[in-house]
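In the two assemblies presented below, subunit A is common to both, partnered first by subunit B and then by subunit C.
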Partner chain A sequence: MIHTASLLIPLAWRNLWRNRRRTFVILFAISLGVWAMIFTSAFLRGMSQQILDDTIYNLTGHIQIHAKQYLDDPVIDHRFSLIDDALFDSLNHPAIKQISARVRVPAVVASEQDSTGVTLFGIDPENEGDISFLQSSIIAGRYLDTAADPGVVIGKKLAERLETGLGKRIVVMSQDKNNEIVDRGVRIVGIFDSQMDGLESSCIFMGLQTSESLLKIKNDVSEVAIILHDSAQLEMITRQLQQENPHLDIQSWKQLEPLALVITELYDDFHIVWHLIVFLAMGFGIVNTLLMAVFERTREFGLFQSLGMKPGFILAQVWIESIFLIVLGLVLGNLTGWLSVLATGDGIDVSAFAQGMEMVNLSNVIPFVIIQDDLLLANLVVIILGMLTSLYPAWHASRLVPADAITRV
Partner chain B sequence: MTTVVSCKQLNKIYQQGSIEVHALTDINLTVEAGDFVCLSGPSGSGKSTLLNMIGGLDSPSSGEIMVDGQRVDQMNKSELAELRLHKIGFVFQAYNLIPVLTARENIEMVMQMQGDSKQYRHQLSMAILKEVGLEGLENRRPSELSGGQQQRVAVARAIVDKPCLVLADEPTANLDSANAENLLQLMRDMGEEHQTTFIVSTHDPLVMSHARRLVKLHDGKIIENHEQH
Partner chain C sequence: MTKSIIKQFSFILLLTGSFNAGAEDARQLIKNAIDHFRGLSSYSEVSMVIHRPDWERTLDMKIWTRGLDRSLVRITAPVKDRGNGSLLIDNDMWTYAPKINRIIKIPASMANQSWMGSDFSNNDVARADDLIEKYNHRILQTQQQQDIKIYVIESIPHDDAPVVWGKEVITVREDYILLRHEFFDQDNQLVKYLVADDIKQFGDKKLATVERMQKVGVENEWTEFRLNHIKFNIELGEHAFSLSNLRNPRF
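Then we have the complex of A and B:
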């Protein structure tokens, strides 16, 4: 058996190159298919990961804590105290990497030219590092220095709308804890560009203490955003926090941003569907090519049988040939896929579709991301289904009647 | 003398639509070891069909075939393949060499399937190539050999592992008379040297003249069966 196998392997390899043009065409088809799988996977994975990153690291965090009614009615009345022993103990968990407490209330900002409704964020700049895009998105001026910084940071779009700019003063107006209108003139110390127009035009950021002082809510906040060390612990930590703090509304990003969750899950499922569609087209090519090769060599298969080769070995011969084709196609496809992903650099700019992208929490640049699981899936789909589909022509060759096959012209 | 091939009441009927075609009718034939038998007759007389039945390439409709004491007509595909691998060599009209293998590799192929060592295969194939007059051409592929040379390779492949029986179907049909004469002489010499039985189907008078026994077929029936020399 081993002896026959040692005959079949070089035989299959040489047969592969008998009709070079045909072999190159099918190799091109397989590698194109594999390339399409990898490139599309990288694009979808990039989108999916971008959605997750944009969701989690654009203020949301992995978990958020609010007062019970806040999410339905995000006003000053629905706040909670940070001086809470139970909450303090809960947040002192080794799985928690970073915590950011915020004031987050509706407000109106007015410049000399215009006014508009916004969300006022009172933040401690030191704690926002990993949770917020803000620090890395400053394009003019500076980030907030401390929680008591008297200045504000606004988005580029908002600055354009208000026809204001760095160093100018705007008036921030909101309701304090007594439901009295309060306002304060503040200077713009920084302008950010987040690549998400909605955030740029609807958020302003001031120091946490400054906002608490404006709204007269010392030590009270609207929300606490949490970043975990390992996102795999999300469900467990969320459940634990909920159990320990039943008086608060504690939700993971999956509950807070269901659209993002659905879209990322949809992308994951689409990977598999896409791979199968690509393989279907590729599979027909493999079967067709091998069938042609089998029909062309019918007489040879008859000869092999006449010389004493068992049908199983005839099947193996064609199968080995198809495995060579598939493996070569995979190598080429993986290589071209990887190179073309590499060529995209940081990603592709989709700013022309910014509004649409923002609806699904996507920023204007989508990176291409290759992960091991996607590569494995694409390669496994081609190897397993390729080997299965090539069984048909191989089986056909092994079923020939030697007396008929040997005389076939 | 040992009987190598024995056919008893052998029939082969092909179904062509609603018509039954009797390719072989009540064939009774015995071939002894070392014999050189020629099956002759016009096209469609059943020569190739009889060879195919004896070689287990096709199955009879009824009757009994024995090769080297084994019932060929009762074997399954795998057993038939074993029989062909170890006991029967084939030479075909159209040479039928594997185009991607060299002359030497074509000869060694059968030995490789039998599990012979590389060194032994190499030794034997080189010796047989020398015997058939193809020394120095061992690394040529079939497309680089003439028709006569290809048929010599086919004969070498058929006898290299010393089968008890070689079946040759119109082996000289594609050769000129000089090459045909050489090939027949080669087959006879090898048959005598290796004690191999040859059954050759042909309608070439040259081949018939070389045969020790001539079996004439007509419409699937044996009409003559006699020794010549």
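Then we have the complex of A and C:
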């Protein structure tokens, strides 16, 4: 066996370089295909991770806690107390990195010119830091200082719509716990520009305590958002919290944001489809090139057989040749793929299409992300399918009848 | 040492005292102006004219008020709108539409929308008394017009007052007849103003019988109230301002 291999491997290797130009062309085709697979899946992966991050770090968090019925009817009646020992104990879990409690109720804001419905968030600015985009997207004024900050932060689009601006007062109206209308003038202390239109025109942010006093709900909140250290523990922690607090509605982002989940899953599945499409094109190239090589060497194979080489050996020889080609192509493709992802740095800037991207809730810079699984998948697809398809020319070579082959011109 | 502190303290007291007195005057003037128009209770018949560039319509209505926090408005003409009503209790407002036989509580979200299609917002109608409590008032100037003194009062809302305006400037006569009420945005631009005119005697009171609310920049659009008849200090029980009376008029 080793003897056979030591005969066939050098033979295949040398055959590979008999027609350099052809070998280089097919190497180019294979590495281009592999590069396309890696680069595209890095792009898709970056996009889906960004959607995930945008979902989770835009107020959602990994897990959210609400009062029962809040999700169906997000009004002030469906709130819960934060001074709840059971809840407090179960939130004191080592896997939980950060929790942020919020008041989140429908409200109306009015300026001199216009009024519109919004969602009023009462937040504790310190805890909110990592969970939401807010702190990093202030474009004018400042972020909220404390939970008792008397000011509000509103989006740029909303400010435009209300024809108001930084330092001006707006009136916030909502319903308190007795369903009485409450309203109060508040000064705009900050304006944020989120990359997502929806948030910008429909949310206003107030200190948690300020909003609790406005709505007369001391220490009650509408929502608690949780960030975990490790997202792999999502299901486990969610289940544990659910068991410990049966009176509350506790859900992971997968239930809260089914659209984001579907989109990311779709992107993941699309990797495979894309790999197959690329391989289909590449596979025809490989088969065609090898068939040409086989036809060119018909006399040679006839001679080998006449000299007593078994058809199996001929098959193995051609097959090894194509494996060399594929492996070389893979190495080159992986290398160029990795280099080109490195070259893009933080990602590609698609701000030329910013408006369109904002519409589908994507940011302007899409990062490229290579993960092991994607690399493995691309390489496995090429190796396995490549070996299978190149069996055909190899089999073809081994099927030649020596007498015919040797006499063919 | 102690002496100087006491001195300083009494000086500050004096200062704030005198400052308050000025503010109190302005505030009292506005309160009196509102009381003057409303009385302890009142019944009036009013026409509201809504004027737009290509149409104009007139609604006749009856209005009952008691104190600052109870009022009931009922439309009497045109026939199409007869029976429509609004009830105001404290800061809550309900409307009744006979066509759908429904009473609707005006939610916060509609507080800034126009009241019955006019240039008045629901808030303008419902929150008159806020003008006294939630503003700092100051007399800007006093004028003399024939024998009557006229005060121009600037009212700046408190920071947390549920008021969108930057300031309001109210012109009121010394006999508490409101002449002009201007609404400024927070950049000190005039947004809309109310002008009162045609002062007439009703019993022992003088009242402006025409009040026009106009937005700045759209000169051809305004809403005017014309007072046809008014009676003060009439007997009005609690039942007059109830939801059932809003729906089923008993007088």
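Worth a mention:
As a convention for this text, the second predicted complex is superposed on the first by the 385 of 409 C-alpha atoms of A that agree within 3 Å, B and C clash if a C-alpha of one lies under 4 Å from a C-alpha of the other, contacts with A are read in each partner's own complex, and residues count from 1 in each chain.
One rule holds for everything that comes next: a contact is a pair of C-beta atoms (placed from the backbone, for glycine too) under 8 Å apart; a residue touches a chain by one contact, two chains touch by 3 or more.
Fair warning: this is a prediction, and the values are worked out from it, not measured in the lab.
Of the two partner chains placed by the overlay, only subunit B lies in contact with A:Asn15; subunit C stays clear of it. Of the two partner chains, subunit C is the only one touched by A:Ile181; subunit B is not.
In the superposition on chain A, A:Ser111 contacts subunit C only, with no contact to subunit B. By the touch criterion defined above, A:Leu303 reaches subunit B but does not reach subunit C. Looking at the shared chain after the overlay, A:Ile406 reaches subunit B, while subunit C stays out of its contact range. Once the two complexes are overlaid on the shared chain, A:Ile170 sits against subunit C while remaining clear of subunit B. Of the two partner chains, neither subunit B nor subunit C is touched by A:Ala343.
Across the complex, subunit A is touched by residues 91-92, 107-109, 111-113, 157-166, 183, 185-186, 191 of subunit C.
Listing the residues of subunit B that touch subunit A in their complex gives 48, 52, 55, 57-58, 77-78, 81-86, 88, 90, 92, 94, 96, 98-101, 109-110, 112-116, 157. By the touch criterion given at the top, residues 107-108, 110-113, 115, 117, 150, 164, 168-171, 173-175, 180-181, 183-187 of subunit A touch subunit C in their complex.
On subunit A, the positions that touch subunit B within their shared complex are 3-4, 6-7, 11, 14-15, 18, 299-300, 302-303, 305-311, 401-403, 406-407.
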